[in-house]
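There are two complexes below, and they share subunit A, which is joined by subunit B in the first and by subunit C in the second.
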Partner chain A sequence: MIIKLDHVNYIYNPDTVEKVIAVDDVNLEIGGNSLTAIIGSTGSGKSTLIQMLNGLLKPTSGTVSYDGEVIFTEGKETKEQKKKIRDLRCRVGLVFQYPEYQLFDETVLKDVCYGPKNQGFTQEEAEKKARKALEEVHMPEKSILKSPFDLSGGQKRRAAIAGVLAMEPEVLILDEPTAGLDPKGKTEVLDLLKRYQREKETTVILVSHSMEEVAQYADRVIAMHKSKVILDGPTHEVFSHREELEAIGLGVPEVQAFTESLGIKDAITVQEACDAILQRQKAE
Partner chain B sequence: MEIIKSEKISYSYPVFEDPDSQENKELLEKKKEAAKALDGVSLEVRPGQFICILGRNGSGKSTFAKHLNALITPTEGTLWIDGMDTKDEEKLWDIRRTVGMVFQNPDNQIIGSIVDEEVAFGLENIGASTRDIRKGVYKALEEVNMREYAKVSPNKLSGGQKQRVAVAGVLAMNPKCIVLDESTAMLDPRGRKEVMDTVKKLNKDDGITIISITHYMEEALEADYIFVMDNGQVRMQGTPREIFSREEEIEELGLKLPQLCQLAKALRNKGMDIPMGITTEEELKDAITKRQISENDSEITAGEK
Partner chain C sequence: MFRDITIGQFYPVTSIINKLDPRVKLCGVVVYIAAVFIINNIFGLLFIIAALAVLIYLSKVPLKHIMKGLRFVWFLVIIAIFFNLFFSDGDIIWRWWIFHMSRQGILRAAFFAVRLVCVIVGSSMLTYTTTPTNLTAGLEKVMQPLNKIHFPGHEIAMMMSIALRFIPILSEEINKIIKAQLARGADFDSGGIIVKAKGMIPIMIPLFISAFRRASDLATAMESRCYSGGEGRTKMYPLRYHKRDTVGYIVLLLFLLASIGLRILMQQFVTIGRI
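Here is the complex of A and B:
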């Protein structure tokens, strides 16, 4: 699925003194076989943007289309449109920040069944989908009948992600999926997202504050600043704009900053830095 | 005297025991075992140190932090804060003035509707005079570089600014020690830097002891001393150089080396002569370029012969 944003604006409290422009004239096309990272400082409009991508928020102006189809239009929605919006939220799955706070059921399995059951699948079908999703997040077999509250931090996060995967979304969006996790938990979550994205050849979009993570996992990076998209391109390309990134409070991965001080450009991960340093030594 | 002295402290979260329940003893024991969050923690912190506590989720870091200003007290063992036993209820308020806490989510701990009111909250609670409150509040805001926001509503601030206001609130009480329990976890890179720069300054200029609990290994590189916890115990302790030299152990404990150390390790694995325990860019740069120089040197010597 290709999601296309055409001159999209979002304004909180329009027509009041408290008016805040959260997204300002954004044009984007996201989709296909890619893992896209959205970066930007707090308040730059990232969360508003991703909520428009799955129809939780309706743009104040401009259009969002899915494979060419515009679902939101001016004025009140018809019954048919409402159904389309509902479907859309299953097709575009959104995982909020700290999603494990929303785990609620007695067992992990039951919790993950909740989504597909709401989609209208039978208990049996829902369970099948849930088991598949739990397998995708590498949940150990012995954990799926446990209470979600007995899991470790990283496992809880993965269970919550499975809850969205079980609805088999075409596009998966995650708001800071690694926030608050320990380093191992972070790696587990990111590895699983990358693997899922590669295997399904689908679209995964994630918001992150860690440039190191973004450099290592994303194919494409969209940088937002003051409600606008200011950089958008392949990961290496975006990180070559070091000055702009620093000016908006983000910067580049540590290892990139370090290798640039050695005069090496374009090495944004530890592996690339290592290779580049060795290659240069060989050349000398 | 140590500002923090922990002697074999253990802590178990209370387990609900239903007297009528037929629940078997074994299960109850299991539950009790699982509720044990700290298991014989002994450590000492000297005044003015910048300490980092690392460890995976559920390792007991936050439970330990909650002991430091007597939000909870040990089930076994003793914890002294600046010579005061945290179980001594008469000392409770002195302990809480000595150690201030800043938590993870700024939105959960800010209650005032204007920044200066928020910072004044603690002083008002101890009945300080209006003049002292004013003085204390503005001095604290000055220290965290938020003076110009004194009359702003906290919800207009960025995450980093909110956390600095929280630090100011603690600072107004004139503490000897500030505990940051993952206070940078929800911040963007600039916010993280603002908060870390602020507490580093308080540590250096005012000699305030800092205990920082974090998942950011890069932050730990700048600490004076690191404790690594796992399973309710202190499993490693040492300077950043000592800790990050023990590469295998770090990973076993669910942590990760800082990127700089990862690069040093990767180069070493490829046969480059990089010493263990590199903690700064300068050291790694030296190690890489020195190798080049020494090779060049040997070529020159060979040429002369």
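Here is the complex of A and C:
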């Protein structure tokens, strides 16, 4: 399953004084068995970009194709095309920023069932999928019949993520899944995403502002600045462009900055830094 | 669906109308609406249309933008035209079943439509050219004399400004929620009216929760900055009249006199096109 963007542009409010170019000539291919992180400062076009990946936004120009098939074709939207896009949204799951604000049903279980039921599954099947998804996010058994508004912040977030996981998407996209969570909640969410990605061998794309998180969890990093993709590659390679990253207000993980002052290159996580330092001690 | 609600939203350009004191503009809306109903002949109608055209030109708000805002009121205009056109008595010139058209009816329908559009466009010019802050400051000032009879002018102005401020916030919120539910496979387009209404639940509940949360956050933020109503509260930028505002008032007075004059003068000369 590969999402391919070909010369994609997106402009908000075209032909008015408030015209904003949010995505500017982006070419990308994302897919396969990988966890990709999209980084970039606020307003760099990340959120707009990911909304085009599942057909929520139609690019102003350029094409987005999924699995070799172009999502939006020129001309008027037909009924058939609308159905195709809805179908696509089920195959490419998108979890928005602060997804807990979209919870609405009486119980967590019912809320998670919403997605599968929209896909056309029966109540029973939907419930089965929902229970499985809730298990994947480690929702305690006693919480799934509670009102989603009675959960803690971290649990609400995981319930909302389960709401998308229950649809069993082929590609999972998350917009800042850890924003506003405490350290424990952050680790829980990221660990579950990594595990989900490894187990299903699928594509997970996440937007993040924390270079530490990205260094530890991502296989590939895409850096955006002023609506353009400026760096794209394996995590280690992207973080080797320290000056560029600092110039656009992002920087590198703190541990990397620290170890570089010790003369150690390419250690972007605490674990790698430890190994490198120990190795050096041994050599000495 | 809820996007592009342009009616009642400030359009950010710098123009002479933009810079006018909000009190002048508030007065202007009242005068304009009065003038629209004072005039009663074709010349008067052309006069108020010309005045509106000049106003739009001076305000630098693109006509296209204004027309976009009108989209929601065309329906009203069409109904008004329909009833005036087919159910007016007078010199009947066409008749079918319960419908009949008269010379007076055609005129009345045309007048009514133009008047309605003029009133809507004229009054929306106020919000297009005035920031919500300025608008409420103006309203508060206008209502100040009523304080003597314990009319809560400040509170009403504050409520208005909060309500206006919340329109774009809530419309953004609603768009976000719609997108989030679309991403979960929601289908808001198909199905009968009941299915569609039920489909709104996943939008309305998060919206209400978010509106309450925002309201309570705002109340806390206001209290923690010692807000305690209008008494003794000063302004960072108090409203002050400039020369252009005096000119504005004079223009408004002349405009009003001209409309009255057109009605009285034309009464003698024009017999056609009068209602």
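Note that the second predicted complex is superposed on the first by the 284 of 284 C-alpha atoms of A that agree within 3 Å, B and C clash if a C-alpha of one lies under 4 Å from a C-alpha of the other, contacts with A are read in each partner's own complex, and residues count from 1 in each chain.
Basically, contacts are C-beta pairs under 8 Å (C-beta built on N, C-alpha and C of every residue); 3 or more make two chains touch, one makes a residue touch a chain.
Everything numeric here is computed off the predicted structure, so don't read it as measured data.
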Answer with first, second, both or neither: which of subunit B and subunit C does A:K184 touch in the superposed model? first
So, A:L56: does it touch subunit B (first), subunit C (second), both, or neither? second
For A:F96, is the partner it touches subunit B (first), subunit C (second), both, or none of the two (neither)? second
Looking at the overlay, what does A:Q119 touch: subunit B (first), subunit C (second), both, or neither? second
Looking at A:L5 after the superposition, I want to know if it touches subunit B, subunit C, both of them or none. Which is it: first, second, both, neither? neither
Would you sort A:L165 into first (subunit B), second (subunit C), both or neither based on which partner it touches? neither
Does subunit A have more residues touched by subunit B or by subunit C? B
Considering only the touch criterion stated at the top, classify A:T16 as touching first (subunit B), second (subunit C), both, or neither. second
Return first, second, both or neither, reflecting whether A:I144 touches subunit B, subunit C, both chains, or no partner chain. neither
Which holds for A:K82: it touches subunit B only (first), subunit C only (second), both, or neither? second
Mind listing the subunit C positions that touch subunit A in their complex? 12-13, 65, 176-177, 179-187, 189, 201-202, 205-206, 209-210
Which stretch or stretches of subunit B touch subunit A in the complex? 55-58, 104, 158-160, 182, 185-192, 215, 217-218, 254-256, 258-260, 262-263, 266-267, 270, 272, 281, 284-285, 288-289, 291-292, 295
Contact footprint of subunit B on subunit A as seen in their complex: 40-43, 152-154, 179-187, 209, 211-212, 249-251, 253-255, 258, 261-262, 270-271, 273-274, 277-278, 281, 284
Residues on subunit A engaged by subunit C in the complex (per definition of touch): 16-18, 51, 54, 56, 82, 86, 89-90, 93-96, 99, 101-105, 114-115, 118-119, 149, 163-164, 167
